[in-house]
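The data blocks that follow each hold one structure.
Both complexes shown next keep chain A, but they swap its partner, so chain B is in the first and chain C is in the second.
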Partner chain A sequence: MDESMKRLLQRLVRRIPAQMLKTTLEKCVRLTASQQRSVEVLQPKWAFTETLLDICEENGWTVKHVTKLEMTCFMDNPNQGMWYAFQLVDPEDDAHAVELMQFKEKFKYHLKDLVRPVSIKIKKHTDEAVWIRIAWGDGFSPPNHLKPTYVVHYLQTPYVFVTNLTSKRKPLLCQALVLSTRHQIIKDANLSGRKLTAVRDLLMKQYQQAFPIKYPSPLAERHETVSNPHIEKEQAESASKRFQMACEAFGDGMLPQLQTSIYKLETKFRDHTNKTMTDREKPFRCVVKFESTNLLESLRSCASSGIASTPVTPLLSSIPLKGRNYFVVTDNTPGPASQTRQPLD
Partner chain B sequence: MTCNTEDWMHRFRRGNSDYCNFVVRMSLLKPFSKLPALNTANILLVESEEQLQQNLAESLVEESAFTVNVRLAKSLPLPTENDESRPRIDLVVFIIHLTSELSLQSVEASVKYLDPGYFLGKVCFMVTNARNASVPSERLDAVRKLAASLHCPLLFAEDQSPTGVTNATQRLLTILKVSAGLVPMVTALHLSNLTHCTVPPDIDQPSFD
Partner chain C sequence: MDGASATGVMSHLSLLEAKTTGRKAQPVQRSRVSELRAEVEALSARRDNLKAEIETYKLQKIRSLMDQQSTHEDEEELGEDSEILELLRLMARHEQLKDLLYAHHIIGGYDIVKTHQGKGVCLLLTTSYQGVFLETYNLEIDLKPTLRISRHNVPPFIPLKSLEEQSSFQTDLRTFLDVLGQHLNAFAGRKQQLKFVKELHPSVEVMESNVLCSKLVMMFTVPTEKTAVLCSLDYTDHTKCLPTRVVLESEDNEALPDSPEWKNFHSLLMNTPVHQVLITMKEMGIIV
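Moving on, here comes the complex of A and B:
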């Protein structure tokens, strides 16, 4: 293989952690016995890269094989970079009947129509998700395999998750998606996060939710707590009410691991003690950002411990309810407004 | 009971603010309005964060010389639904975490819901994180002034380790035994005279930080 391809392979392989490469190699590629042995030897990354390149040469692998390897590694470990959620709106009549082969063909056709050259790989994951890897090129250069865009779509749902997309390519991808899924519009769902599973679970509501019920524990006798009879909580009832309301707002059990929530405020400054700021006509612009290792869990414990007042304010409960974490708050609409936000380059 | 009703009538005529006063008065926790139980001491732990109190409670009930009943609350006033079942509280402990301003504010508000009879040796303040460098010194001074003005002892506790919790438990048990009347010849008032918090005369002067 020529030098440029070698360099490309080197750079691709270098970016993937060695352990992941090894496991993926064993899983999806057939190696000869000697190759297998050479892979299993514990060696530093650069030596391992050399070994792998030799294997590539021996087996006559091309960029195609290596990108397939990269894609498999990425699918196993998708929590790199920021994922942005999009929503497809206004389905056509046959949008619910789109199935995999049809989607694949149509997507490839439409995207290749819009931009050439482009390298597209579509794979179906075990959990019904369709993964698309796109390496963009333009009229002058071949597809750039070092900065691929990954798209995850669940067929027959209106949700698409994208990572690593530049604003230049965004309209092209959106057009291709809209046409191949038989919808009319695609819009930003205002939800982003580092963990794909968290973003997906939040948007598609795949976590345990608590619904308001009038008699929360019908079998009270069965729930006799075995805590010490000498210890008694005075305000146990109000505590359990707060906990119930917190769970209703955010959900029961394990919550999706969302990490940030951003509120862009465009409201007038209101503080009686500060006349100069309050008298200004223009809205006071500021951005409030909540960050945590598990934001929803911390908000739920804030509400159940009484730090956040219950019933939970719609500003906080909109995060799981509407499945978004970017809000623009204006004066007339105290709830989240709908403004799109561009994914960053 | 009759004099209470007359009191109420007078206050009701005087106006709304006094009615609120009456309401507060009615929800006061009273120290001697119930009979004590044999060889038993009841302690009420009031903590806004509801964390240290659980560990302290589990440690307190392990006392074997006498029965210890622990009631846990986030703040006062206590819900009136529990008034009937609640035993006579011998010692009220307010737990303040110095790292949180809310903790102190919650305690300052709760203190008003105790009958003045409690402040004769049946209330104590427990403070955590006093050694923490990020805590402003004014907060500890404020707690000291509060404890001193109410004539109550101020205990310092370390809540992060099991030995810290055990030490705090031992200290509380010492005071609890006296407040419950289980120590002969010593009353709660006597003990509080010896152990109550005092404020050094130069507390308002800036310290060399």
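Moving on, here comes the complex of A and C:
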């Protein structure tokens, strides 16, 4: 087994928790009884790595097997690194009929046309997501399996989620995606986050949203909590109104976990007490960044507790409404403008 | 807190303390409390009774008005009460319309409610399949300056934008809602069929499906012929729950799909929900 394989395997084992590797091994490959036993023995990570390397040698595994293992582990645990969302625009007439085999063939063909050598692996997840693992090489070097790009796409939807893509390779991937999904343009959706599930749920609208309804269902009564009848809350009505507006702006129940929201301001400085700054003709450029472990949850509680005024300002409610967390705010537009951000690096 | 007010508070508190410890009238207090409680209960019961009486009287009056054939004589008799009569008629009509809207809601028609002080509306669309209510979808629409969908929870594989263009959204909202309803109901139906295939027929392997449920590829095991049959269903009409194309293929026995039995199944799959066809095929022993 050559050095690059050893390094790849070592890096793989280092990144993934041992338990996950064990379960994935059992799922993906057939181990002999003695190999199975050696894997199950409780041992420190470095010893486990050695065990795995031995198994690789014994079974004559190639890079293909190891990358398959890596991909399966990553698909089960995708919330690592930064995920960026892209949107496919202007579908052709047959975009809606693109099926899996067609997409796979076309994508491989187009990407291989643009860059060689390249290692592409495409797999369908149980939730209908198409996962693509790309190891990039160029004319001088073989595919780099240590830094693969992962792409997730649901056919018949306009969204593509990408992680670990350099700006150099971005146009190549975009071209291949546009051709294989039968669209004309792909653009930055201005949404990024550490959790694939959060970014996906926000764009695919797979979280519980709140709407004003005429006949509340019997289940809606869960909101009514039995409070002490001797205590009358003075502010109860306005509090429930704020809560309702906060839920309508951000959603009900569990919200997708975004971590940041960035506003790039290109507006004129406005402060009556500071004449020098206000008199400047050029816009005052600054960037406002909100950070949190669960941004939407914290914004919702800001609105319902009254810290943020209700009705919720479009600057904040645009995050779930438009499904983006990067905005450029200028003076001419009443709300956040749409502009693409700088290329990824 | 400055010293003077602090002592003021402290002395007040000690006065109150002295008062309570000095009280001898406590037993009398307690019986007074229970008396008052009983009175409160009696009064609330009386209030509830009176409220119920008003309601029944109102309903009776309204019902009699609605059943009544109004003749001139009656109107002249009740001449003085004509205003009250008119008011009661309007209340009756209001109740009737409310019941009608509720009935529309129960049968799965769409609900509409005003938002933003009349500047917008919010619609609720329900989906159902084979008599079972499934998901609901909401659309918030701004009315001014033109009709515009501002917020919704329709999944992205239902092409809202192109449906808007197709069915002249601005001028004819009802047509748009009908078409959207068709797409959503058909999607819910196909999704339900896929769910049944996976749950009720675990021996049938689902090889391919997608989020829109517009393509389904299954592998049947045919024990009598000792072969496998690949069945591809294409649902290209997204407003329908039945496939537009069915392809049956067998690698080992290429002539099998052309046999009269399997041609029968082909037409069955085109006209009947797939999970029901699988039940039939299983009962006939054709597939495992």
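Everything below uses one rule, namely that the second predicted complex is superposed on the first by the 321 of 345 C-alpha atoms of A that agree within 3 Å, B and C clash if a C-alpha of one lies under 4 Å from a C-alpha of the other, contacts with A are read in each partner's own complex, and residues count from 1 in each chain.
Going forward, a contact is a pair of C-beta atoms (placed from the backbone, for glycine too) under 8 Å apart; a residue touches a chain by one contact, two chains touch by 3 or more.
Predicted, not measured: the structure shown is a model, and the values here were computed from it.
**Student:** Record, for the superposition on chain A, whether partners chain B and chain C clash or fit.
**Tutor:** Here the two partners, once superposed via chain A, clash with each other.
**Student:** Tell me which partner A:Lys275 touches in the superposition: chain B (first), chain C (second), both or neither.
**Tutor:** Neither partner.
**Student:** Quick check for you: in the superposed arrangement, does A:Gln235 touch first (chain B), second (chain C), both or neither?
**Tutor:** Only chain B is touched by A:Gln235; chain C is not.
**Student:** In the overlaid three-chain picture, which partner chain does A:Arg30 touch, first (chain B) or second (chain C), both, or neither?
**Tutor:** Neither partner.
**Student:** In this superposition, which partner touches a larger number of chain A residues, chain B or chain C?
**Tutor:** Between chain B and chain C, the winner on chain A residue contacts is C.
**Student:** Who does A:Ser305 touch here: chain B (first), chain C (second), both, or neither?
**Tutor:** So A:Ser305 only meets chain B here.
**Student:** Let me test your reading of the model: by the given contact rule, A:Glu128 touches which partner, first (chain B), second (chain C), both or neither?
**Tutor:** second
**Student:** Quick one: is A:Glu99 in contact with chain B, with chain C, with both, or with neither? Answer first, second, both or neither.
**Tutor:** second
**Student:** Based on the superposed arrangement, let me know which partner A:Gln209 touches: chain B (first), chain C (second), both, or neither?
**Tutor:** second
**Student:** Where along chain B is the clash with chain C: 43-51, 115-123 or 187-195?
**Tutor:** 187-195
**Student:** Spell out the part of chain A that touches chain C in their complex, as residue ranges.
**Tutor:** Listed in rising order, the residues are 96-97, 99-100, 124, 128, 154-159, 203-206, 209, 211-215, 321.
**Student:** Residues of chain B touching chain A in their complex?
**Tutor:** 44, 49-50, 57-58, 61, 67-75, 78-79, 81-82, 86, 102
**Student:** If you look only at chain A, which of its residues touch chain B in the complex?
**Tutor:** 228, 230-235, 237-239, 305-307
**Student:** What part of chain C is in contact with chain A in the complex they form?
**Tutor:** 101-102, 105, 111-113, 115, 122, 124, 138, 140, 150-157, 159, 208-212, 214-215, 236, 238
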